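Starting off with a structure, shown below.
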Amino acid sequence: MSGYARRVGIVLWKDLLVERRTKESLNALLFFGLLLLFLFQFSLGPDRAQVESVLPGLLWLGFVLAGLLGLGRSFLAERDNDCWEGLLLTPGDKSAIYLGKLASNLVLMTVVEALVLGLFVIFFDIDIRRALPGLFIVVALGTFGLATVGTLFAAMTANVRAREVLFPVLLLPVQVPVLLATVSATQVALAGQPLADARAWLQLLAAADLVYLVIGVLTFEFVLEA
Amino acid sequence: MIAAAGLRKTFGATLVLEDVTLDVPAGQCLAVLGPNGTGKTTLLRILATLARPSAGTLRIDGVDAVREPDAVRARIGMVAHGSHVYEDLTALENLRFWAAMGGLDASPARLHERLQAVELDTVADERARTFSAGMKRRLGLARVTLGRPRLLLLDEPFNGLDRRGQKWLGEFLLAFKAGGGAIVLATHGFASALAVADRAAILLGGRIALDRAAAGLERDALHRLYDDLIEAER
Amino acid sequence: MSYRPVVRALGWLALLALLAGLGMAFGYAPREAVQGNVQRIMYVHVPAVLTAYLAFGLVLIGSIGYLASARMGWDRLAAAAAELGVLFTGITIASGSIWGRPTWGTWWTWDARLTSTAILFLVYVGYLLLRAMVEEPERRGRFAAVVGIVGAANIPIVHFSVKWWRALHQPSTILGPEPSPIAAPIALALLANWVAFTLLFAYFLARRVEIARLEDAALQGAVRAR
């Protein structure tokens, strides 16, 4: 296996191993997702019709908020014991670390989103069987967009003052166009319309994802340097 | 091995290192002594390419370390306060991670051999969270010698080690020197330092106040020199 | 450096151009039939947004330049351009808001340009916040550069997503130049003000970069041992 791919793989392995062992992030995020659902339900009231019209927005609001928490923790383990510097001292292209972290973040976010979606379906009594394949594509593209920039900014803010505030302040404005696209496309999917109706949105998402990924890979080494 | 000239480092308006010049040939050990806050850690970090000097040149093994830090990193091993240990991984898993990150042999045989070398093989499958500071430092040394570095940079390596541990570390470092490696260690402990060092340098206020061979220098004599210099500084 | 007389001349030129532009906006350009005199605010609103985009383009150039060369001059350019970009974005939003109030009865409309501008405003305020949180100049420049690149890459994505989102939700408002064909006097007045704003921007930029350069030099000179 090439050195680069090996390093991506080992970063992914380490993060998943730590998460499986401690379950810190996963448990907290799942619980957070549940809390959000309650909050939405209570703040919007019991009128079903009203809730249904804003459902795509609520779903993505949930994904983004949970994503903020999860992504913000990406590099927390590296802050102990100078592991960050350990990573910096490893030879070779540092973007491998970015890709490994991105991959582990995607795994974590996918698990959380799947469960939040499940809870949504139960709580708001949605029929998503027809919507599922289309929904899957939209969620995948949207999550990728969130994770690429999120992982990059998480690395950047990990050692900066006011990290907890700065991270969302930097990430959210960049995510707004992605959010516009995903909510619109989700609306199409949930309404049971063919996904081709949302083609422009999906193309925009795919283009954005690619742009963010390239920027992440190219600039990560500048963010990692002490 | 290391040729540093005129190293200078400022953080904002604070001058931390000024005009630091060192030469450490292969097979030799330099001990850097000095009070807290005098810039020892910053110096080590610059030597490790973790920080860039504001001015000055640094060549490690013939390579310009400031312009090409990545070319040099494979030849350096650093064990600082942090020791680069992931608390939730076992000793073995930690080594496996760092071996793979360094593009090195990560086979169980090799990893266990390294753990044996630092006497941690019995706790190979214990999580690092349960380790004492000394054990974490030993794990750091195991990690750092996975590859075959030509230069070891150690920040307070004797801290947290009992007498047995200190003796062990001393032997470890002497063996490393004998194998042709160079060592720079920053420390407070005069006795342990003199046991392994070929040269001793005292860093005071960011400048090198003394740099001489350690041969024939006893701990008390060094202490007196040290105290004199600190007095002179006032 | 003998730039100072040039910069001073630039300042006077900008002032003259601004006076000329304002004169044309109020005197030369015709009164708009439907909206009345309030429509004249367009002569501030449109040049302001164009200047803001120019500023953000310079932030991108400065960011890439800094990452590529590690020379502080590029970072000073990016920082100054970002500050001005936020200023002109603020002017755009304020003028758009003032325009909208008598025209549409609300202080805010989700007009495509206003929305896009607001998103950019947030992105670059975040940029400035990040700069405020990182003290070491070299590190600050690197992190800011990464955000600057992400922000700039995001501009086309913002443009398209907002445009399509607006098409979905609201009929277009007319917060822009007259629909084509644009009458010559209006186009001329617009052009004059745009030139004036650009000159003003260039003047402010030159002064701001110079101040930053002097600050850095002073910092170097004030270096003292610990």
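We call the chains A, B and C, going by the order they appear; numbering starts again at 1 in every chain.
Note that in this section contacts are C-beta pairs under 8 Å (C-beta built on N, C-alpha and C of every residue); 3 or more make two chains touch, one makes a residue touch a chain.
Values in this document were obtained by computation on a predicted structure and should not be read as measured data.
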Pairwise touch network: line, ring, star, complete, or other: complete
Innermost chain, taking as reference the mean of every protein Cα atom displayed: A
Centre-to-centre distance between chain C and chain B (centres being mean Cα positions), rounded to whole Å: 50
Distance from the mean Cα position of chain C to that of chain A, given in whole angstrom: 31
Where chain A and chain B are represented by their mean Cα positions, the distance between them in whole Å: 39
Per-residue multi-chain contacts in chain A, two or more chains: 226
Touching two or more other chains - residues of chain B: none
List of chain A residues in touch with chain C within their complex: 149, 152-153, 156-157, 160-162, 166, 169-170, 172-174, 176-178, 180-181, 184, 200-201, 204, 207-208, 211-212, 215, 219, 222-223, 225-226
Residue numbers on chain C that touch chain B, as the complex places them: 135-138, 219, 222-226
Interfacial residue positions of chain A with respect to chain B in the complex: 3, 6-7, 9-11, 13-14, 17-18, 21-22, 77, 80-83, 85-92, 226
Chain B to chain A touching residues, read off their complex: 45, 48-51, 70, 73-74, 76, 78, 80-89, 93, 96-98, 100-103, 136
Partner chain A, residues of chain C touching it in the complex: 67, 119, 122-123, 126, 129-130, 133-134, 139, 142-143, 145-147, 149-151, 153-154, 157-158, 160-162, 164-165, 168
